[in-house]
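The two complexes that follow have subunit A in common; it is paired with subunit B in the first and with subunit C in the second.
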Partner chain A sequence: MKPSEQFDIHSLEQLFSIVSKSNDFSRISLEIGQTSLTVSFYPSMSDTGEIHDHLLPCLHKIDEEIQRLEELKKWLPFDEITCETVPNQIANKLQQGYVVLQLQEARNEALLINISHETMGHRTSNDTENEFSVIGPKTGFVENLSINLHLLRQQIAIPQLIFEELTIGSLSKTTIVVAYIEGLTNPEIVQTMKNRLKGVDMDIVYDSSFLEQVISDNTNTPFPLFLTTERIDRIAYVISSGQIALFTSGSPYVLAGPSTFMDFFISPEDYYLNWITGSFFRVIRLMSVFFSLFASPIYIAVLTFHYEMIPSRLLQPIMMSGLHVPFSPVIEVVFLETTIELLREAGARLPAKIGQTLGIVGGIVIGEASVQASLTSNILLIIVALSALASFTTPIFKMANTIRVLRFPLILFSALLGGLGIAIGFTLLLAHLLRLKSLDTPYMVPFFPFRKGNLSDSLIRASYQFTTNRILYLNPLRTKRYQPDTKKEDIEHDD
Partner chain B sequence: MIKVTLLRLVIILFSLLLLAGCGNESIVNRIRILSAVGFDREGELCKGTVAYPNYIQRKGSLAILKGQGKEPKLIMDQFERESPRKVKYNKVNSIVFSQAIAREGIYTAVSTIIRDPDLGNTLLLAVSSCSAEKLIESLDHQELENLPFNIVKQNMANGGVPPSNLHLFLHDYYSEGKDPSMPSLSLNEQRQIQIHGYALFKKDRLRIVLNTNEMTLFGLLQGKKVRGELAFNYKEHQYVLSLLAGRSSSKTQMRPAAFRYDINVDGNIRNLEGNRMSMDPSEAGALSSCIEGQLKAQLLALLKKIQANDMDSLGIGERFRSEDRNWKASVFYKKVYPTLQFNVNVNVHLKNSGAGE
Partner chain C sequence: MSYQASLSKTVSPYLLWFLLHKSQTGISMLNFQHAITPGAGHDAWISVLVTGLSIHVVVLLIFYILKHASKGDIISLHVQLFGKWLGSLLNGAFLLYLLMLICFQLISYSQVIQTLVFPEMKAWRIALVFLLMFVYIVRGGFRVITGITFCFVLIPSLLIVTLIFPLQYAEWRNFLPFLNHTLPEFTYSASRSVPLYMGVELLLIYFPYIRDNAKSAKWAHIGVLHTYVLYLIIACTTFAFYNQGEIKHEIWPTLSLSKIISFTFLERFDYFYIFNWVFAITPPCCIVLWGCTRILRSSTSLSAKTSLWIVVIVVFIIVAWPYNAQMMQVVEDCIRYAGSILLYGYIPLLAVCVFISNRLQIWRAERAS
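Up next, the complex of A and B:
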């Protein structure tokens, strides 16, 4: 396959003739002794205060003859100064906000000074907005890569934490960072990830989720194959378990892989609460997945095909609430489910303040009115609202979306064949899930293939004395997180 | 290429299914759900009366349909023809036979029921002392709750009615050493359905109907946990023993053939002068031995009554069969059973007798 066309720069003359067309480019010529010096930079990318307060005064202070650019280095109070001759490299650095210094005598050489204004235009607050937790740290990743790396290194403070950089995007030149722990993470996984990333060719990497779809093992699946999170504690946990994280410059969301189905239903809060409450909430979350998927299909199946299942005492309320509804249960359900999806979608697109109002309008007015107008039955309204609520308990937004989408085919199956349809739908779903892989590791471990090493932290979150293993099926180089049996007396104290 | 055509095929098939609405659907609020059925005989014809909850005009209270035909299926067909909604009998939970049908044998009716997978095996079979038509008609305008099924179910759980349903009936019917039985219903003066006794069958034919007191004793003999009230006399006073728990065990004896029941009864007496025991605890022994004596006499009379009618409703034959390799039903019921010796041991344990004065 042919790679997409690169925008190559062949010489510095060409570079400057191109960039000077742009109005946000500026070029200053200075006379230093006999020679003249040109300073080129993008005011929009560089820290102009820095240039005017430090760079230019320093250049003016030079009182000896400058023959070579190297000699300038000692006059300048900046830590990142390099000499570069490759036009493409110079162009890249210029785009990142470096200042380019050139001597009249040596036109093909340039001195690059890092005065880029990295945080310009970035938000200052880094609260976790979409993955909120009551207990635990509330800071999350931001759009700035170096801040993100800083945040992670604060959590994992060993030199073995490796950040490997790659650049993707023929237009955006986005920096991608693969983070892992040397001597812990299985090198095969790191290699697979790097190979996949090397094969990627796109023009602009807008967000990490963009990348996720390109490098995923199977693109024809509604399930997310990589964990996407903005929580620092989550990424620290993931890396310490033997998975790898993928930072994308300009994206507050960090990818982690290889992920399994269960990873998406784990909330950091499970670990901050004690194991009893933590496990309880995890079980609730898993049950809500099933409820969310199957509540409305079962309603359809039972009311359309298997009315014998309804206990006589329940028959009365079901009959009375659906007495004047002219539609069949399928149409009722599809109507209500679509309404809920509409509300959710509209709520997500609207500004936060209007969104709240919409929730009330949608929830109360539309729901109540459609019952009054005999379009739906009360019981169905409760079921649909509950199953929508249940789908929001999934901590990872992408998985929550998947679950909401999958409800519709199941509704269709149950409308066609009743309980048999649900069984068929569920079987197909399960077969699909069992075939999925994330970075070449099965998606449904530890259940299939069955691995008992990590069962203590899957359906429930067992006490910390049992969850000592890292993710064993990833074959990490160090398998134990800690030794729970170590006695206090055995630990050396620094008195 | 193959993949694409397969996908197309699936899509076409799927949309065909969707368009044709394939599937035997019966949407719950577009059908008439029959709940209780009564069968009578009128000459050659079978007369069916059914009760169904009417949700449209009556907000779920029961309404009545009547039909005649040679077969239950034909009666259903008749109902179908007079109803704007599909008539479904899958949720029928009570089937009542008139005594006339029961005496002639209910096997023809039951065999129709058991061949139909639409009917559950926990449904109630019952005999009506009046005509089944009258019995079902009394449900008109009543709530779904008042169905015979619920009345019997409540009494099986908390009263003295022995467990009985279609499944147990069939089990007893097809056993070599046991005869089936079912509750017997009647209407009281307020036209309210009540359990008035327990009908014992010889194969599929009704022989005798036990009264309510005998029904409780019958349950006690079955060995199941039975609750209920038993009346007895002590020193010219009438007392009622409320059974808290009755446990019985039984034992066979081969030569000479005999059958022994050991019955343990826990109960309390809380009616008039029931506090006799608390006034004078030494009288408790006398009181319970008096109860034991009366209970034993009643139980023996019941066993004799069943034996005299040539029935084996308690499954004594089954007990013998389980212990005798050469057991033959014909031999047992011809030679052994009519002269079988019954021994009954009753042990009454009075728990309390109300507050003293």
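Up next, the complex of A and C:
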């Protein structure tokens, strides 16, 4: 496949003739002794205060003859100064906010000084906005890459934590960082990830989610194949268990892979609570997934085809609530489910203050009024509202969306074939999940292929004594996380 | 040393347990009690057990045969032993047998659906939905089929717990007097319980896809054990719940057992049983379809996709035909005879052929040296 056309710079003359067309480019000429020195930079990208307070005064102070650019280095109080001759490199650095110094004699050479203004235009608050937890740290990643790397290094403080940089995007030149632990993460996985990234050819990388779709193993699936998170503790956990994290400059969301289906239903809070409550909430979350997927299909199947399944005492309330409804259960369900999706979508697009009003209008007014107007039955309203609520318990937003979308094909199946349709829909769903792979590792691990060593932290979160294994399927170079039997000498045992 | 497919396509040896168990337990589990009682009556469970034990021998023979196949499966073995023409002919016969198996599962299940749930629904609609689903699963490859098999052993196993409800009304004296039937009666029941164990011969095809397959015999025997223990549980529950006169009138005793179960929020639990059998028949059908595709692919130049669609269309045409009770009886008898001949006639014969050809080779080698 032919790669897309690149915007290459072939010589420095070409570079400066292009950039000087842009109004936010600035060029200053200085006389130093016999020679003249040009200072080129983008005021919009560089720290102009720094340039005027430190760089220019330093250059004026120079009182000896300068023959070569290298000699300038000792006069300048900056730590990142490099000499560069490759036009493309110089162009890239200039765009990042470096200041380019050139001597009149040596036009093909440039001295690059890092005075870029990295934090300019970024938000300063780094609270987690979408993945909230009551217990645990509240800080999340932000749009700035170096802050994100700093935050992660605070959590994993060993030199083996490796950040490998790549640049993707012919227009955006976005920096992508692959993070893993040397001597722990399986090198094959790192290699697979790097190969995938090398194959990417895009113009602008807007967000890590964009990248996720490009590098994912299967694009024809509603399921997210990489974990997307803004939580630092989550990424630290993921890396420590043998997975890789992928930072994208300009995105507060960090990708992690290879991910499994269960990863998306795990909340960091499970680990902050003790194992009994943590497991309980995890089971509740998994049950709510099933409820959310199958509640309305079962309602349709039972009321359309298998009403014998309803006991006679329950039949009366169900029949009474649906007595005046002129529609078949299928139309009723589709109508209500679509309404809920409308509310959710409108709520997501509206500013937070109006969103509140919308909740009241949508939830109370529409729901109440549609029952009053005999358009839906009360019981269905309860079921649909509950299953919408249940779908929001999934901690990762992308997976929650997937579950809501999957409800519609299941509704279709149950409307056509009743209980048989639900069974077939479930089988197809399972087959689809079994076919999926994330970075060449199966999605349904540890259930299939079955891995006993990781079961203690899947459907339930067992006590820390039993969750000592890293993700065994990924073949990490060190499989044990920690030694579980810490001696608690002060505890007296009654024998 | 037995042949093994490339590592990325194989599955772990312990999965042979689930593959073997699940390829045996399909649609026959619904009505075998009805079929076996005319012989040994309340003692028929012994026939089920004995037939199950005999399957261990069949598994041993299959392992012996496959150890000497150049590509580890029956397709290559036929060509290797009997030459290209006769071998291909035998492969064709095996393909026909597999087609019979899958058609039987689908026809029987669509009869259950038509009788108990959707009297109006035509067989072709049920067949179409099922076959499209099978195509999706089989296109995923052997690993996906194995995954489905694994999950669908575990999920329906949860239903065993519900047998507690009929067991509350169990009449254990139904089993007395113990062993008061003659040998021909036991033999009749045993011959009727052969369809319960059919599916073990699929091992002849998927064997190369098991990792370390030469050492995996343990798991195959566990799978067989699992199968007849399950049948014994169901058979004994049925015999304890129904007396012999009642079983004659129950077409699907396993399903009617579940009619006793009801909860305050659920009146008819038997629907769960009926729809659960989607999970029960999917894995054997998928393994069979996959096997058919393998045979077609290796004996002709068709691609995997084309051969799968050819098989599916053939199956669809057979299954979409409306069958009545007499025709079903004929189909059942055909399947039973074919299965019995294969398990107890052809596989031992094949083992003898392999033995002779081995001896010949050794003898030739000795004479050459």
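Keep in mind that, in the parts below, the second predicted complex is superposed on the first by the 485 of 495 C-alpha atoms of A that agree within 3 Å, B and C clash if a C-alpha of one lies under 4 Å from a C-alpha of the other, contacts with A are read in each partner's own complex, and residues count from 1 in each chain.
By definition in this document, a residue touches a chain if its C-beta (ideal position, glycine included) is under 8 Å from a C-beta of that chain, and two chains touch if they have at least 3 such contacts.
Computed from a prediction, not measured in an experiment: that's the story for all the values here.
**Student:** Identify whether subunit B and subunit C fit side by side or clash on subunit A in the overlaid structures.
**Tutor:** Superposition check on subunit A shows subunit B and subunit C fit without a clash.
**Student:** Quick one: angle from subunit B through subunit A to subunit C, Cα centres, nearest 10°?
**Tutor:** That angle rounds to 40 degrees.
**Student:** Which partner does A:308 contact after superposing on A: first (subunit B), second (subunit C), both, neither?
**Tutor:** In the superposed model, A:308 contacts both subunit B and subunit C.
**Student:** In the superposed arrangement, does A:435 touch subunit B (first), subunit C (second), both or neither?
**Tutor:** Only subunit C; A:435 stays clear of subunit B.
**Student:** In the superposed model, which partner reaches more residues of subunit A, subunit B or subunit C?
**Tutor:** Per-residue touch count on subunit A favours C.
**Student:** Contacts for A:485 in the overlay, against subunit B (first) and subunit C (second): which applies, first, second, both or neither?
**Tutor:** It touches nothing on subunit B or subunit C.
**Student:** Considering only touches as defined above, state whether A:417 meets subunit B (first), subunit C (second), both or neither.
**Tutor:** Touch status of A:417: both partners.
**Student:** Would you check which partner chain A:448 touches, where first means subunit B only, second means subunit C only, and both and neither mean what they say?
**Tutor:** Touch partner of A:448: subunit C, not subunit B.
**Student:** Report for A:427: first if it touches subunit B alone, second if subunit C alone, otherwise both or neither.
**Tutor:** second
**Student:** Quick check for you: in the superposed arrangement, does A:63 touch first (subunit B), second (subunit C), both or neither?
**Tutor:** In the superposition, A:63 contacts neither subunit B nor subunit C.
**Student:** Enter the shortest inter-chain Cα distance between subunit B and subunit C once the structures share a common frame, rounded to whole Å.
**Tutor:** The answer for the closest subunit B-subunit C C-alpha pair is 5 Å.
**Student:** Once the complexes are superposed, what residues of subunit A are shared between the subunit B interface and the subunit C interface?
**Tutor:** After superposing on chain A, subunit A residues 305, 308, 310, 312, 417-418 contact both subunit B and subunit C.
**Student:** What residues on subunit A touch subunit C, complex-wise?
**Tutor:** It is residues 305-306, 308-314, 417-424, 427-428, 430-432, 434-435, 444, 447-450 of subunit A that touch subunit C.
**Student:** Residue numbers of subunit C touching subunit A in their complex, please.
**Tutor:** That would be residues 11-12, 14, 113, 117-118, 126, 129-130, 133, 136-137, 140, 143-144, 146-148, 150-151, 262-268, 271, 274-276, 278-279, 282 of subunit C.
**Student:** Residues of subunit A touching subunit B in their complex?
**Tutor:** 302-305, 307-308, 310, 312, 315-316, 318-320, 322-323, 325, 328-329, 412, 416-418
**Student:** Using the touch definition up top, name the residues of subunit B that touch subunit A in the complex.
**Tutor:** Against subunit A, the touching part of subunit B is residues 17-18, 22-29, 31, 33, 35, 53, 55-56, 59-60, 88, 90-91, 93, 118, 120, 144.
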